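Multiple structures are listed underneath, in structure tokens.
One chain, chain A, appears in both complexes that follow, with chain B as partner in the first and chain C in the second.
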Partner chain A sequence: MATGLKLLSRDSFTTVTSVSLDNVFSSSYKQYKIVTDVDSGNNENVLFRLRASGTDNSSGNYRRTYLVGTSTSVVGANESSQTVWSGFGRAESGVRQCNITEVLNPFQSTNTTAYSFFVPSASGNLEVISVAYDITVSTSYDGFTIAPGFSASTFSGTVQVYGYVI
Partner chain B sequence: MAQVNSDKNGLVFIAKNSGTGVASIDIDNCFSSKYTQYRIITDVITSVAFRGVNAQYRSGGVTTITGYKYQYMIGSTTVVVGARSLSEIWAAYIGGTKSTDTSEIVLTEIRNPFQTQYTTAISFLAQQSNGTINSDVFTTSTSATTSFDGIRILAETGNITGTVYIYGYVNS
Partner chain C sequence: MPIVGSFAGASARAYGLGAGVKEIDGLELITSQSFTSVSSVTFDNCFSNTYVQYKIVVNASGTTTAGIGLQFRTSGTTYTTASYQMQSLKFENGGVAAQRLTGLTNWQNSLGVVVSSRGFICGLEIMNPFQTMFASGVSPQQYFDGIQQLENRAFGITVTNSFDGFVAAPSGGNMTGNIYVYGFSKGS
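Let's turn to the complex of A and B:
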């Protein structure tokens, strides 16, 4: 019996400002699961950029809508014309948390969409965050870059990419 | 990028356990250093209607019954509400019942139960409640960085009947 989910890559890194994965997206898959396990001294959202032929797409064509539950407050917002998908998990000081993202059609020449769920502030006042992403261009991407935040901070951890067999 | 064998299975079935009319279903030695992320699937009904099916972590056959935290947001028609508890008895929300014969779909992922980290989990519930359907997202965490090797499944109140399945995401 064929497997339905394949591990495509696993990278470990220590005290780096960003991690780029090339040639991880292909025509062999449409949907991917990305699991990050990171920490940082700066307690920042993890940033994500799609990447083609070794170059990040840093244009202002990323969009997202998020929901954040903090105690009894649940708030949301949408953002467009962004240069990055923000909130691709959280990197906090000394804490590794459950960050799950699924990405659809990054390699196909259509608008890539994604969804992230994660558990911020596990060591303190726990929150819940879900984020829906898309990009307004139909470019084919073969990889991505993640970074720990907008400031010049570093992070450590692992990133694993799985592909759903089609 | 660290290439891995692309023929390798990404998700491995680890264990399952069933029970009929029991207070809890335990699965021991299902968490190990081999995996860091797990998917839990439950097909469980409760003896009392409209009750959640919850989890508590275990170590060496002993259940930890306190020291958990949760945060949720629940969407019901046009209303979204949230709540948080920092002193809780449930490690994860992994099931529910509309009635005593209908289980609800819940997707649960658990991170780092065996590692000496905070064990965190995310659950997505299609909660059938009082004639409507709610969309629930729960995050949970332990309050301490304890290592666990097992899990207990139990209802808020009453007994449970059904099966619990545990899968691990391969790391290499």
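Let's turn to the complex of A and C:
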């Protein structure tokens, strides 16, 4: 029986401001799972940008909808005209938080979509965040860049990319 | 051709797969158990340094509606100290509610809610249970306890113990079915 999920890439890094992966998306797959196992000196969402031929798409065409559960409080919002997808996992000090993050059709010339469920615990208080993403352009992307938050901080850990066999 | 790359330094770096890199299996079935009318199911030696992230799939029914909790184990001993945490987002009846529980003795409902007459879907993923870090988990789940429920539950624990297994137990009654433990491969 053939496997249904392939490990395409695994990279480890130490105290870097960002990590870019090229040539990881292709026509061989449509849906990808990305596992970020990272920590940072700060408590920040991991940021994600799509990338083509070695260049990040930093235009303001990223969108997301999110819901955050904090104790008994629920907060949500729609965001458009963003230059990045925020919440592709979490980089925190001394904690590597679990995330379930998947991306659909980054290489195909259609609008890429994604979702992420992850666990922030800033200040020791557990939260849960659900995020849906899309982008308003139908560019073909072969890679991505991740970074820890908007500040000039660094992060360390690993990023693993899997493709669902089609 | 290595599949694993590495970076070090304070500046941004780029890395990509080279031509000819052979992809390897990404999800591996570590172990599974079938069980009939039991109050708990124990898995030992399923977590290791071979994996960082795991997925646990439950296919079961119960004698009563009950959430299935998870307690970690080390060297055959269940960790029962009140240091488990849970934060939920629950969608029901057109509304959304949130709840945080701390000082728990297990990850409540992390493996879904077993009912007597139908199945449920739960996709708990756990990060770093074996590594001496704070283990955490995320569990999107669907179940029916009179009305349809959709939940996303996040889990944490306040200790950095190395756990090699777990026990799954419904909060009441017995359960019958299967539990599968998968690991997401790290490669060579």
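The rule is simple: the second predicted complex is superposed on the first by the 164 of 166 C-alpha atoms of A that agree within 3 Å, B and C clash if a C-alpha of one lies under 4 Å from a C-alpha of the other, contacts with A are read in each partner's own complex, and residues count from 1 in each chain.
Definition applied: a contact is a pair of C-beta atoms (placed from the backbone, for glycine too) under 8 Å apart; a residue touches a chain by one contact, two chains touch by 3 or more.
From a predicted model like this one, the values you see are computed outputs, not experimental measurements.
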Exercise. Return fit or clash for chain B versus chain C, each positioned on chain A through the superposition.
Key: clash
Quiz item: Can A:54 be said to touch chain B (first), chain C (second), both, or neither?
Solution: second
Self-check item: chain A residues touched - chain C or chain B, whichever exceeds
Solution: C
Quiz item: Between chain B (first) and chain C (second), which, if any, makes contact with A:78: first, second, both or neither?
Solution: neither
Quiz item: Should A:95 be classified as contacting the first partner (chain B), the second (chain C), both, or neither?
Solution: both
Practice problem: Find the residues of chain A that appear in the contact set with chain B and again in the contact set with chain C. | Solution: 3-12, 21-24, 33, 35, 37, 67, 69-74, 76, 95-98, 100, 117-119, 125-128, 130, 143, 158, 160, 162-163
Quiz prompt | Of all residues in chain B, those that touch chain A in their complex | solution = 1-4, 6-11, 36-37, 69-73, 80-84, 86, 109-112, 115, 117-118, 120-122, 124, 137-141, 169-172
Practice problem: Name, in rising order, each residue of chain C that touches chain A in their complex. | Solution: 3-17, 23-27, 52-53, 85-89, 96-100, 102, 123, 125-128, 133-134, 136-138, 140, 152-156, 158, 184-187
Self-check item: Complex contacts: residues of chain A adjacent to chain C
Solution: 3-24, 33, 35, 37, 54, 67, 69-74, 76, 94-100, 117-119, 121, 124-128, 130, 143, 145, 147, 154, 158, 160, 162-163
Practice problem: In the complex, go through chain A and note every residue touching chain B. | Solution: 3-12, 21-24, 33, 35, 37, 67, 69-74, 76, 95-98, 100, 117-119, 122-123, 125-128, 130, 143, 158, 160, 162-163
